[in-house]
Structures are given as structure tokens and as C-alpha cells.
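In the two complexes below, chain A is the common chain; its partner is chain B in one and chain C in the other.
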Partner chain A sequence: MEKTAAANRTVRLRIKRCDGPGKPSRWEEFRVPIEPGSNVISCLQAVAANPVTVEGTQTTPVVWDSGCLEEVCGACTMVINGKVRQSCSCLIDDYVTGNDDVITLEPMSRFPVVRDLWVDRARMFHNLKRIKAWVPLDGTYNLGPGPREDAATAERRYVLSTCMTCGCCLEACPQFDLEPDPATWDTSFVGAQVFGQAQLFNDHATSRQHAGERLDVLMGPGGINDCGNAQNCVQVCPKHIPLTQAIGAIGRAATIHAFVRFFRG
Partner chain B sequence: MSQQRVIVVGGGLAGLAASARVAEGGMSVDLFSLVPVKRSHSVCAQGGINACNEVARQQGYSEYEHFDETIYGGDFLADQHPVLEMANWAPRIIDLLDRMGVPFNRTSEGYRDLRLFGGSLFKRTHFAGATTGQQLIYALDEQVRRYESEGKVTKYEFWEFLAPVIENGRCVGIVAQDMRTMQIRAFRADAVVMATGGCGLVFGKSTNSIICNGAAAARCFRHGAWYANPEMIQVHPTAIPGADKLRLMSESARGEGGRVWVPRAKGDTRDPKNIPEAERWYFLEEKYPKYGNIVPRDIATREIFDVCVNMGLGVNGEKQVYLDLTHKPRDYLDRKLGGILEIYEKFVGDDPRDTPMRIFPAVHYSMGGLWTTHTKGSYTPAQPRAKHVSGATAPLDSRPGQGLAPGATNNMMTNIRGLYAFGEVNFAYHGANRLGANALLSCIFDGLFCGVSVLNYVKDEEPAKAPAADMPAGAFDASVDREQQAMKRLLATVSGAKPDTLTNPYAIGKELGDEMTAACTVVRTKARLEQCRVKLAELKDRYAKARLPDNAGWGNQSLGYARMVGDMLALADAISLGALERRESRGAHYRSDYTERDDANFMKTSLAKHANAGVTLEFVPIDDTLIAPTARTYGKTDAKAPAAS
Partner chain C sequence: MSQQTTFLDRHHFLLRRLHSLSGIVPIGLFLIAHLTTNSSILWGKLGLRGEHPEFSWSQGGAAYFAKEVVWINEQVPHLFLIELTLWLSIGFHAVLGTIYALTGRMNTSAYPYGANKRYRLQRASGYIGILFIFYHVATLRWGWTFLIPGGTAWSHNFASSTLAAALRGGEEFTAMGMVVSAFYFIGVSLLVFHFANGLWTAAITWGLTVSRAAQQRWGYVCAGLGAGLMAMAWASVIGFAMHSPAAAREVETKMHPDAAAMPQTP
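After this line comes the complex of A and B, so read on.
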């Protein structure tokens, strides 16, 4: 695929900015030189080094979150031209072809903004605690290998385990709302990421013992019943995690679990 | 008595392993990280983690051979006892990760699958898809989250470590800043573990995450911690050139059969698929018939550099060579390398299953780091052994305690009492060159094995008599005050004027990276290094006058960036000085004006110390009591130059 770029090509980044929680938002636009292979992060780096708007006004560097720059840490997630995705893997040439075209950048809307494009996703990590997303290890002493696992199970779990807590699936979900107050987190909708993680651990020979507790949580407030099955989540997951399958599996397990719980009293 | 606490700075593999081990030992942990720990740089590791295993063992491999390979691969610069202990523990560490639920690739019978990696003739690398590091860090992150939910670990994420607090030569806490509120405060601790990773950003673009800036290590260095072998910077042979980052193409691409080549004829611009076999130069296979494409990194890097820069044979005359997997079946590639090939596809736009990839070397790993000490284990042969013959019976079994004394309180402690360094930030295991898939191992080994040392230190030594919690506030207040003054000084430079390149911290940072890449990577010379040191002095002058673009008291990233540039300059000073003073070639350090290894003068650790007058460097003897040095040739034969045309 040959990408021919005109010399001195530029792109305009239209960025939704906010100085901090409770502060009003505003839009600012920056003109940035690009070359083949430029992505949103390399453009934001250029803005940081020279924070002057298209009107020629000196402003502050735009703030954003990033880490790996290879779509494996999840940090740099934002809304680009209206669609949530990682900015490090967002090649400018995949979005615009002309000269001086506009790309819009906004912070995710379902998480509190820290500043500009940087949001606080602490709730996602909190939710992992709610469902005990771990293997209950006896300790780090040497006790030999873990349970033997067939290749198909390992592959199935591997895909679920590539979830980088990026939040795309939550940003796209009609049921997942902004909850700035941590006091509501234990009762508000957990979202697709958590169903995927619950499935990951329920599928592991040792961690399966917590399956019942996980299902108890997911049958409670903010659990599986709040999912409207809109399937937006699976379409935006950058890791192609089969989220709707996970939701289905958790749903079925929850039904059986409820049945057993009912008869056990 | 007050509750004793341990601070861990850094939540990559090393920091998480340490946190889990210390919490398991019953001590409270405060864990600090620039990013939520799950997003630490360790997620980037693709290829795998080394350990002796049953299949390899039955073919003649052993923990001892793993040890021997690591010493040889590191060109005899590592102190040998810690490496022995690490290799001996490797299989147990894999078992533990397996119990934690890491989805290692499996064979048809359900055993852990293995792959070949550079520097070994045996399959000894365990892997989970193409994102082994991500999978390992997630497993440890989950265990630490469990301790967090039990109240044994408290996380301080989006907090930046600014300085150790040192009182009477002992580290009793840290000063850190909340990156959101910008609050600066002191935290007391009976021991502090630095697990802050590498320093790729000193070189501008590298394969590292953008947060691997080395500033935390530099801050310890500036407060009196010694920094060892700073010049030992690994340049990975195969990275994908990019505008913001040089993304790694994992060594597993070579391990799974990738072949490196260039057209034999200079200026041959044909589509690579149309170039017949006879007109391709597989220069690694030709020069190193035994190891071929899986020669260790420094060798591959230098050969690629030589072919492109000196012979001018790079693809299309540019600094790039082909890394070719197109001879392998698609489904094989998808199964074994899916994830890393996707990275190439995503960031370049070509399908590497159809078209050979174009790659060039990039800064990748720092073998050097904070100097640490240890207590030797029980194995003390009368004489160092000759190099192990691959596949021969191991002279030792792999019982613990032969390399390092388990639980000895000084294992991986820096020269400052109570200040430890684990993982990539220390210098302990990889000598002058790290073997692929040995870093993840060293990080986890440090955390688990030396985590016990931290516990013992806190329980049995100075902190037992004088806990940090009971100390007078003076040292803590003074440290906070100093950091606040430094912040105020930087914020006061904001003027609202248009930035100019002389005083713009981003411009200074970029020039630093460009200069370090040009002078201190693949080929180094006295003249170029001296020029580099002049440039560093200029950058330091300019840095003193740097002007910030933002004085916000909330979420001010420019402040963090500018502060870090000052620390990167200190590390660059040590790196360039080490490169200049080490007048030999060894491992990753190649001097074209001193091309031979010089054991008599330089089989020594270079030790950088920071004083008011600047950085000084001395060479100190290493522990070479286990294996006698041999030439590190990897069976190179004299390669013929390509047929001229």
C-alpha cells in the first residue's frame, strides 16, 4: 500500500479541552505538519512542543494519557471523529487524505475528565475487585505447576486475557453512564469488560471456585440484568474480545446458578 | 510499635512481584506508579520468558547451561553468583506464573509450549501468544489487586516519585507528587524498592513505552545511589521505524524462522518478491552458520548497521533490511506470531505474511542501572570452570541458595541502606548484553526472591530498632520543601511568550534524544563521544534557562516533562562518560577505535557517582569465580563480502 504524501502536508486537530473537574469545556484547533506514518500521538507531541492555535494564540499544551504507543496498555483511549479508540494506533492517513483536513479529539464521556483528553478510569479497576478477578493462589511458595490446560482452553482464555482495561466497550454502551461518585460504583452497571473478565476466571480450573461469588455479584444491581444486549461493545473492542459470547455465557451460568441457589435455599 | 511499611516505586513486573511477596510476608505495601500499574511498560514484552524445562532437560539442557549462556551472552561483565541463582529459580517461577493462570501457549497434550530464542540452541522460552509481558503483568496485577482488596497493598497511581528521603545514610521514605492535584508530600517507609524500569526516552525514540524515562533512577543517582555500567545500552536489531516510536519486531520473528536479508546488488529497487534467491544476501546465515538468524542481539544489530551504513546495501539505499517470514505458511504464522504481525500491519500497512518486513535497529533495554549488592550463596568452586559445552551434563544441581544466600538482607540493595533496586532499573544480571526473554525473568526473580530480603531487613535490622514512622519530621519536611521550591522555580518561568527552541524543554528533550542516538548507540568512538559531551554541556546550560509553557496547578504534564528532562541529562552524562572511558568493545558496547575485548583492564563494572562537581566514573572488579571468560564468537566464520555487481 503506497501512501503518497504531499510535501508540507498538515492536519488540523480540533480538540475538546477542559482544565479540570467542574471546569467548562472549550474547543481549540491546532495545525500540525504530518508525514507518512504520523499518528494522533505524534501530532499531540507536536502540539505539546508548540502549543499555538490556528488563530495564532499561545495556549497550554494539551494533556493526554499514553504509555506503550503500540495498543497494548490501553492508556491513550479517546474519542476520535466521534468514535472511541486508541490514539496511538490511529494513523492520520487512515482518517484524512487531503491537506489541512480536520480530525476531532474528545475525551471519553463515561469517565470523569482529569484534564483535556485524560480521563480517570479507576472505576474499571474497582469493578475487577468486585468480581474477584484473580486466581486464589495459596501463596508464592514452590508448589509445582498449575493445572494442565488443553490448547483450546488456553487460546480461549488468552483472547479474554488480552483485555487492556481501555474502556472502549463502556464508552460505546448505552447502559453505562458516567458515575463520578465512587459511592455508586458498587451498584451501577459494570459493563462488558467485566463480563469478559468474569468469564476468563470462571473458565480457569483453580479460579472456578469463585464462580458462584462472581455470579452473585453479576446477578445483583448493575449486573447482567442491566445489559440491554445492544452489542455496541463487541464492535468497538480493539482486542476483538468476543464480549457478546461472554455476556451470553455469564447469562446462562447465572440462570443455572439462580436455579441451584433457589433449590438449595 | 508502629506498623512497619514498605514502599515499592513502580508497578511493572518487578514492582508487582515485590509487592505481592512483601504483602504475603505480612507487611503493608505502598505502591507508587506514574500510570495505573496494569499499564506499566512490562505489557510491551512480546516474545517470552526463559527457563529450563523438562523437554529441553531431556535433550541435555540444564539450569546450569541457562546460567552459562547468560554469562556468555553478557560478555562476562555480570557478577556471576546472582545469575546462577536466577537461572536455578527460573523453572519454579514459570510454575508459579502457571498457577496464577497465565494462558501460556499449550501443546496438543496440554503442556506449556516452547520456542527458540536468541543465544541458545535449546527451546527454553515460554510464551503466551504474542503478548507474554502483558499476560505476566496481568497475572501479577491480579494477585496484587487481591492484596489491595484485603487492605495489604495501597496503590498510589498517577503519583510521581521525586526523591528518596535519606537520613543518616538510610532510606526512610520518599517524596512524591500527585500528577492530578500536584500535591507534593513525603511518605515514610522502612524500606524502599525502586522498580522503575528502563530509560529509553533518554534516546528519544526507542522501543520502550513513553514513560520509560529513567528519571526515577536518576533521582536516586543524584541523591547518592551509584549507577553501574551506564554505557551498556542494548540496541534491538529489529524495530519498525515510526514517527513517535520505534516499535519492536520481536526476536520471536527470527526464532520462528524469520530470515534477514538485503538484495545483493546495491540500488536493487525491485519488489522483494521478484528478487530470486541467488540475488539475496542472507548475511547472518552466511556469517554465522551455527546460529544463523538467531545470533544474539548486539551481533545482529551491528551486522545490520554495517550492511546499511558502511556497505550502503540497505533496502532502497535507506537504513532498513528485510526480515522475511513469507516462506512460512500463513496459519503457522497466525498461530505462532499473530499478535506481533498485527502490530506491523497496523502501524505500517503491509501484511508481513505476504511482503517481507522492513526493519532497523532501535534502543531497547538498559543492562546498566542502579548498582546493587548481594550475599553469595554456597557454591564457591576452587577455580572458575571452563565454558560449559552445550548439552553436556551440568556440574551442579539447581538447588536454591547456591548462587545467592536466600533472604540475605542486602540482596539487590543499593549502596544506600534500605534502598533496593529490582528489575530493569538495576544492573545485576545481564552484563554487557541481555539475552532475549531473560528480562521478564530477572524482574520477577528480583521481586519474589529479593522481596524476602526486604522483609528480613525491615524485621531484623535498623528499621526494627528505629522505625521510619517514629523518626522526627525534619528530614521529611526538608525534602518536601526542596521539591516544592524546585517546582516553584520551574513554574515561575512561564511567561506566555511564544516558545523558542533554545529554552523550550520539549526541544531540549528532542535534541538530547537525537544526540544520544547518534553518539551512544551501535558504534561509538572517542571523537564522537567527546563531541556528545560538549553537546550535553550546552543542553544543560539551556536547561537551566528552560521556560515552561504551562503553570497550571492541576494536571500539569509540562511540569513533569520539564523536570524529567533535567534528570535525563544526568543519566545521559553517566551513559556517555561510561562509553568514553570503557576503551574496549564488549557486548552491546562497541568502540570502533578499540574493537577488542580487554579483560585485563575492563572486565570490570563501571561505577558512576554523582557529586556536586558532576559525574565521576571508576572501574571495580567483578565476581568471575564461577566461569572463566572465553571469546564470545557464536561460532562466526569469516564471511565473504557479497558478490559485487
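After this line comes the complex of A and C, so read on.
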């Protein structure tokens, strides 16, 4: 690595590090050789292979999370130059063009840090359970084929189904806060990801039967009314999920549900 | 649910929707009516419909505004009940609005999108707005004249002249009067923004606008309404601040000759 580093371009990664939950964080900077097509993950691999800071101090390898390396699993989400996105699809050349420029990497701030750039997104899965984000099929006998889905509904739902639980929409949301204590998760704000998924399943011919229960949850604390319509979620969603449309649709369903509940009991 | 629930949690949905509604009716509706009346200081000559043809444009404004204020005070039944409803609604909306605003964490520097900036301004305008409304109602309606430079007491028999004097800090502009007028200008502008933007978000809250296109179209409607209200708000502040109290008093005395004998306080 030493022999190519001098000839080729380098980038400096300024990384916010943390040794474990509750531990203090610190900044460290690493110099990494890059070539056309390098991305943040490939640079992190270079740091892992040679964990020496720009000052020449030997340190521990930087920890990050990743899976698919093609922007479909959401595991590698982090805050790059102040904005949340997937690191695997983050090309260095899109961020810096010069030699030895700096790129800043931080873990997401609305989830507890496990270590360095790796955060624990368990709350997102907890929230999906809160709204029963699935199609209820379990039973003791064969229910036969499900109802047919028309093309328009399928198209509407397809884009919602591409959500990868990455957390971008929550990290950028001014109403979504870090909640380290799971005891608060049943009343703290669920965020846009859940609104998208609630819409996905409320629009499903079979799963629709849970729509009322989902709305009951979403009309309570932490639900749809805690959204402040800043609409950052839809701007940062890497899957271009129409989250603000889902928010409007849930708001409408909640209005109707409240009237029905009031008059029918 | 693991912890004990609070009053806010138990009535979460109802309180949230009442907060949204209270911003529109009665507060927003009052705002429209109030700014229409107040801006008549500039267009009031038209409102007189040929009555007092001898009045100049500026005298007509003072006369029409005075007429409107007297009409409200003499003709509207249960005025105090209406006022009480309004004050309670503003208090309710302001208290809940502050609680809700405190749950947010501003991040416009990292995510400088238009809607995010409006989200931030919605909260800032609420905070400054309530300070303005409190000062405004305390000085003009509750008679806390020690907060008015020059100490003018607003009187509905001398509606235009006392209002102009309250804004100017006396017969002529004083330094403190300019501060009051500037505070009015800022407070009123922020509240008009707050109402127009609130109408835009309320349509999402209630589920009227769902698609992006619908939200955009409704956004243009709200911006148009906001621009109209802003024009009336600026017309009111500028109209009164630029009006000579002495000239207005002359008109008011001419309108009801016994006015000179009337008490100067409300």
C-alpha cells in the first residue's frame, strides 16, 4: 500500500469513534488511497487493514455495519458530511475532487451507537411490530388463494415495499429523537418509515383487516399527530418512497376512523 | 404501556386535532376579520360608500375604522363571551403549541429544504407571536397603559387617534414608538406566516391533501391567502403609524359631536 499511496490520490476520513454503548466519542482521522469508483465502504476496508491515524498512531480498526453493498439492505447507513445516506453507494468522487480532501463520517444520531459507525436500529423493528406490519396468514387450515390485487394497487404498493428499514427518514426528522430506553418506545414517535409501512399493509387486500388496529396505534402517542410536516423524510429516503403522501393518507384515514369510532363506539 | 400515562397521552388525538382546529377557527377566522377591519385605515373611504363626501382619503379611513369599532362594541351581542372564547382558544393553542414545539429538534443547517425551514419558522413565529399578542391585548384591551410609550389609553370612541398614538408613542413619532411599531410589524408578519403555513400543514394533518401534487396546489392557495393577509397586515401597521392622531381626532369628533365629552378610556 505504501508504494502506491504516493503516486495515487488520497482522501482523509474524519471519523467519529466510540468504543461502546455509553462510552465517550472522539474524532480520528485516516489517510486512504483512492481510485476511480472508490466508495466509503472500500475506504473503511482500507482503514481496517491499516488502522493508523494521520498522526501515525496505531489504533483499533473502525467498526461499521454493512450487508448487501448495493443499497438494498440499509445496514450501512451513516451520516456523511453531515447528511444521512448509505455509505456503500457513496462514491468518493461525488464528494471530493481534489487530493487529500476530507470526508466526515459519523454514526446516525437518533439510534444508540453499538460501536464507532455501527448503530442499533432495533427500535424500527419494534415499531413495525407495534403496527402489525405483516399479512396475517397463520392458521390451522389452508385459507386457499388470497384475493387478486389489481395492477394500480400493486404499483402503488410496490414502491412502499422497497423500504429497507435503513433509518434515513428518521435520522433527518426533526421530530424523531434518540430514545435509549426501550420502555419509552411504545409512546415515542414512530417516524415516517412506519407510516409508509402502515400504508403498505392497510392497502393490502388481506392485511387490510388489521387497518383499524394500526390506526388505533397511530392515533395514539408517538403516532401520526406527532409528525410536524417538515418533510425531510421524503427528501432523504434513498428509495424515493412517497412518505409525505403516506402521512397524508394516514391522516385522512385517522380522521375518518375517529368519526366512525365516535359515532359507532 | 409501561409507565403511567399522562393527560396529554390519554387524550392525544383529540388534543392534537383540537390544537389544529383552534388555529383555524376561531383564531385564524378572527385574524382575517381583524386584519380586514384594521387595514380599513387605508381603504376606509371606499367603505363609507359616499357618506361624508367632504372627507379626504385619509380622513375617510379614520372615520370608517371608528365606525366599525363602535359598531362592534354596540351591535355585536355577547361580545364579552366572544372575546373570552377567543382568549381561551389562543391560550389553549399557545400552551399546546409550545409543548409540541418543544418536542422538535431543529436541523435546518444539515437539511436546508424549504419545508424544513417553514417547519422551523412555524415554531419561531409561534413563540414570538404569543409575545406580540400578549403585549397587544394587554395594552389595548386590558388597559396596561404603562407598557405603551406615552401612556396612551386605547378608546373605542377614539379608535383611530388613540391607536395611532399608541403606535407612535405619542402625537409624534418617538424612539420608543418606533420600537413599538417595529414590534407590531414583525409580530404581525410572523403571525400571518404562521396562519398561512398552518393552513398548509393542517390540510395534511386532516388528510385533505394527500398526493404531492395536491399538497403543492394547496400550497399555492395558502401562499396566495398569506400574501393577501400580509398586504392587509402591513397596510394596518403602516396606515396607523403614519396617521396623525390629531387629524384622526378631528374626524372622530366630527363623526359624533358628543365624543369630546366621552371618556377617553374604554
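To be clear about the criterion, the second predicted complex is superposed on the first by the 250 of 265 C-alpha atoms of A that agree within 3 Å, B and C clash if a C-alpha of one lies under 4 Å from a C-alpha of the other, contacts with A are read in each partner's own complex, and residues count from 1 in each chain.
Convention: a contact is a pair of C-beta atoms (placed from the backbone, for glycine too) under 8 Å apart; a residue touches a chain by one contact, two chains touch by 3 or more.
Since we're looking at a predicted model, the values are computed, not measured.
Taken together through their common chain A, the two structures put chain B and chain C side by side without a clash. Shared-chain residue A:Arg252: touches chain C; no touch with chain B. When the two complexes are overlaid, the chain among chain B and chain C that reaches more residues of chain A is B.
Of the two partner chains placed by superposition, only chain B is touched by A:Cys68; chain C is not.
Look at A:Val260: by the touch rule set out above, it reaches neither chain B nor chain C.
Contacts of A:Met219 after superposition: chain C is touched, whereas chain B is not reached. Of the two partner chains, chain B is the only one touched by A:Ala133; chain C is not. Shared-chain residue A:Val102: touches no atom of chain B or chain C. On the chain A superposition, the C-alpha centres give an angle at chain A of 160° between chain B and chain C, rounded to a multiple of 10.
Once both structures are overlaid on their shared chain A, chain B and chain C have a minimum Cα-Cα separation of 15 Å.
The contact sets of chain A with chain B and with chain C never meet.
Chain contact summary for the complex, chain A toward chain B: residues 1, 3, 19-20, 35, 37-39, 41-42, 45, 48-52, 58, 60-61, 63, 65-75, 88-89, 91, 114-116, 118, 120-122, 125, 128-129, 132-137, 139-140, 142-146, 148-151, 154-155, 157-158, 161-162, 164-165, 201, 204, 206-207. Residue ranges of chain A in contact with chain C, taken from their complex: 82-83, 172, 174-175, 177, 183-184, 186-187, 189, 219-221, 223, 225-226, 228-232, 235-236, 242, 244-245, 247-256, 258.
Contact residues on chain C toward chain A in their complex (touch as defined above): 1-3, 5, 8-9, 12-13, 16-17, 100, 103-107, 109-111, 113, 115-116, 118-120, 122, 201, 204-212, 214-215. If you check the complex, the residues on chain B that touch chain A are 20-21, 24, 35-36, 38-41, 43-44, 92, 94-96, 98-101, 103-108, 110-112, 128-129, 131, 134-135, 138-139, 142-143, 145-146, 148-149, 157, 180, 209-211, 241-245, 247-248, 343, 346-350, 448, 496-499, 504, 506-507, 510, 549-550, 552, 554-555, 557-558, 561.
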